[in-house]
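We just call them A, B and C in the order they show up, numbering each chain from 1.
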Amino acid sequence: MALLEVDDIRAGYGDGPDILQGLSMAIEQGKTYCIIGPNGAGKSTLLKAICGLLHPREGNVTFKGEVLNKLRTDEILRRGISFVPQDRSLFPDMTVKENLRMGGYILRDSKELEASIKEVLVMFPILEERSSQQAKTLSGGQQQMLAIGRALVLRPEVIMLDEPSLGLAPKIAQFIFDTIAQLKDAGMTIILVEQNARKGLECAEWGCVLDLGINRFEGPSNTILSDPRIQELYLGSQKQDRQEETV
Amino acid sequence: MSETLVSNEVKPMRTTESLKKPSRRQKVFLAVLLLLLFTYPLMQFVVGGLNYWLHMLLYTFMYIAMASSWNIIGGYAGYTSLGHNVFFAVGGYFTGVLLVYFDVSPFITAPLAGLVSMAFGLLVGLISLRTRGPAFIISTIALVMLVKITFDNWDYIGGTNGMTMPPILSISLDLVKFPFYYYMLLIAIGAVYMSYRVRHSKFGLGLRAISQDEIKAEVAGIPTNYYKILAFGISGLFVGMAGGIWGYYLTYLKPNIFLLIILAAQLVLMTVLGGKGTVAGPVVGAILFIAINEFFVANLGFTELNIVATGLILALVLIFFPLGIVGTLRERGKLPPFLDWD
Amino acid sequence: MSQFVQVLLFGLTLGGVYALMASGLTLVFGVMRIVNIAHAAFMIIAAYIAFFAFTIYNIDPILSIFITMPVMFFVGIAVYWLFFARIEGTARAGELTVLLTFALALMVEGLLGYFFSNIYRSANPPYATQALHFGPYILSAGQFYATLLSIGLIVLLWAFLKYSRIGYAIRATMQNISAAQVVGVNVERMSMIAFGIGMALAGASGSMMSFLFTFYPGKHWEWIAILLALIVLGGMGSLVGALAGAFILAISSALVSYYYGPTWSPITFFLALFIILLVRPQGLFGKKMEA
């Protein structure tokens, strides 16, 4: 059985329509998955439905055999799934250290928390440098590092990242992808949603293409990368890609 | 399977209400209603002793006018004003001063009072409407307090004691309410008609866009600032006119009766109860509120329990029927045509 | 010059009390994004409690905070649970809830009037009429003690928010509610607790009010208008702003009262509000409002 299973789920916001329209996916331990697809396909919605920010209206999300549907976010965090949202979601007036501390909010053991925070600061030396600075004073890339670091404080088994390279210059984005590779080497299960489909698929083993709320294609990421149909529909031609990278 | 993509960032605007033209049945209904209202006072000569009812009706017309006007800024544009009785006071004092010091009848000066209130609204709107949401609501409360304190200390208009108006002595007791009845009826018709025209105009559509998402409306090219200020201004027009007549009707003006926040509360309640943002809502809400109020006064007297009742009803409506009567009926598909003017 | 300093001191000793009143309001706004129009009405409930505690049981109004604060805290939890828990999270939350607090204020006013009538009340413990001498300057003893206590409570609030686990969670919810959810903060519970704390602060304010001012059920409109003007001036959602607004307005209204007469001093608040809206709509310490 897979570590995390998403079984034919339907989900949406408020009383709005279903964004996810019967989506299924299986996540195996230790692998890295990249989810791509057009805007509005439901990529962020999927991640939110897994980590408890949204509750599925139909279908099940199962982690290690346990159904997560009705659990609160803190309960899901406790079970080992962390989420790095698209807008980073930091606490602007809190310092880097305080943000990391908030990452470990559900932990009661302060010693464990301090140890985790130290590990994160070792992983991101630039955050160590700025540990007493307010989060709002950090640059885009530093904020993204902080957001990832905050998710790591709980030493999760599964980490989900929603468009981590969004708005970052290519060099900094590359650093983020390198960090993801580091996490992969450490044995973490990673679910990545990326607009920069090429880069995202490159660091993953398995790719899923979401469209109109369902899982349309999935397969080994290099298959998806080289499939001409998907290239045309979702990855953009070679020329377009070059233009995107200079932004 | 639909091909349209629903982005999970944008909430679709409610376009389920179509702006249809009134049907023939509706027009007949309206004609009959107006005929009845115009001829009702003539019953005074047939049956007599109808002064209480004339009073209740003109009182209702006044509130219909005020609620419909409030609806333009509070319902259509989504900017809750808790200080709308300022317009009422400005209008009332304007005609009052012209009557007491210059002997000009409010029946002549009331439209002017309306325009003055409107100008006042435009001016205040220039400042207040720089804020959004809760800050705007606060600025309207501050406005009432500001005007109240100013009027309380302004000797020319009588300060806290206010001014007394000379009553109309030349008409018999039987007929004395007639001019007020017809004037208020006309004001009510004017206000509701204005509300209807705004709703069915590009301006009204722009206001609704503002109420749903102001930033997106601005991005879409709607001149939001201009529209908001205009809405605020015209929402004061008929309120000011009504105030101009009401002071004359009461035969006195006092800051304490015009500028109490409880009056603003009642306006809000009426409109929310009837259905914010609809044409028929404020009318229904005003009628219902006055009926309920009369019921409570008859049974509880003028005690503080009336205030509790107002608050309680408002709370219950907000929690369980936030769309009001007209809105809730429409959502359930059960709106009768004589209430469907949107 | 010394008259000016005297008036300044008078304003300062009121500023602390205003700040206490405004801090509860700001806390609730910061966490729940609701402007609680009923805040002053709840303050008056507490004022009645303190008043009756004093006149019937001889309990000192300042000490009555040990009664009013816990009582109002639980009243706050109950009110949240009854009225706001249902509405939180629905799309129209913002505007509807302001009107709801408006309705709440009406209910409180009506009930207070019904049970306690509209007589003007004021507790008069001995220090309410005593004066303290600081060199050539005179201070009202009551105001002075009230302000000291108010500042003490504000410092306690600040320490609570900065150092306790719940304080962190509350600050997190104030700064970025979705981020707070992501890290597992139960934002509904934090809202409830924040509302309770806000009401507790209203309770303490009410105790002060009972002997500093005359009060009656309908007086809350004047107070809420002042407090609202104050937090808009300081910047909604900012506790520092609330403090700044409180002291600025207390001092300016004291000055206006001295130079132009007491009837004009309430106008200072409302005029200041409009001026600020003209010049800097987000207030002194506020952030630009999103729609």
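Keep in mind that, in the parts below, a contact is a pair of C-beta atoms (placed from the backbone, for glycine too) under 8 Å apart; a residue touches a chain by one contact, two chains touch by 3 or more.
Since the model is a prediction, treat every value here as computed from it, not as a measurement.
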item: Most centrally placed chain - per-chain CA mean versus overall CA mean; value: C
item: Pair joined by more contacting C-beta pairs (B-C or A-C); value: B-C
item: Reference chain A; chain at largest CA-centroid distance; value: B
item: Centroid distance [mean C-alpha coordinates] between chain B and chain A, Å; value: 51
item: Separation of chain B from chain C, taking each centre as the mean of its C-alpha atoms, in whole Å; value: 32
item: Chain A and chain C: spacing of chain centres that average the CA atoms, whole Å; value: 42
item: Junction residues of chain C, two or more chains touched; value: 91
item: Shared interface positions of chain B, touching two or more other chains; value: 11
item: Residues of chain A whose C-beta touches two or more other chains; value: 14
item: Contact set on chain A toward chain C in their complex; value: 14-15, 51, 53, 72-74, 77-78, 83, 85, 87, 89-94, 98, 101-103, 105-106, 150
item: Chain A contact footprint on chain C (complex, rising order); value: 90-91, 165, 168-169, 171-172, 175-176, 178-186
item: Interface residues, chain C side, partner chain B - complex; value: 29, 34-35, 83, 86-87, 91-92, 94-96, 98-100, 102-114, 118, 217, 221-222, 224-225, 228-229, 232, 236, 263-264, 266-267, 269-271, 273-274, 277-278, 281, 289-291
item: Chain B residues within the chain C interface of the complex; value: 11, 78, 80, 82, 127-128, 130-135, 137-139, 141-146, 149-150, 152-153, 213-215, 261-262, 265, 268, 272, 303-312, 314-315, 318-319, 322
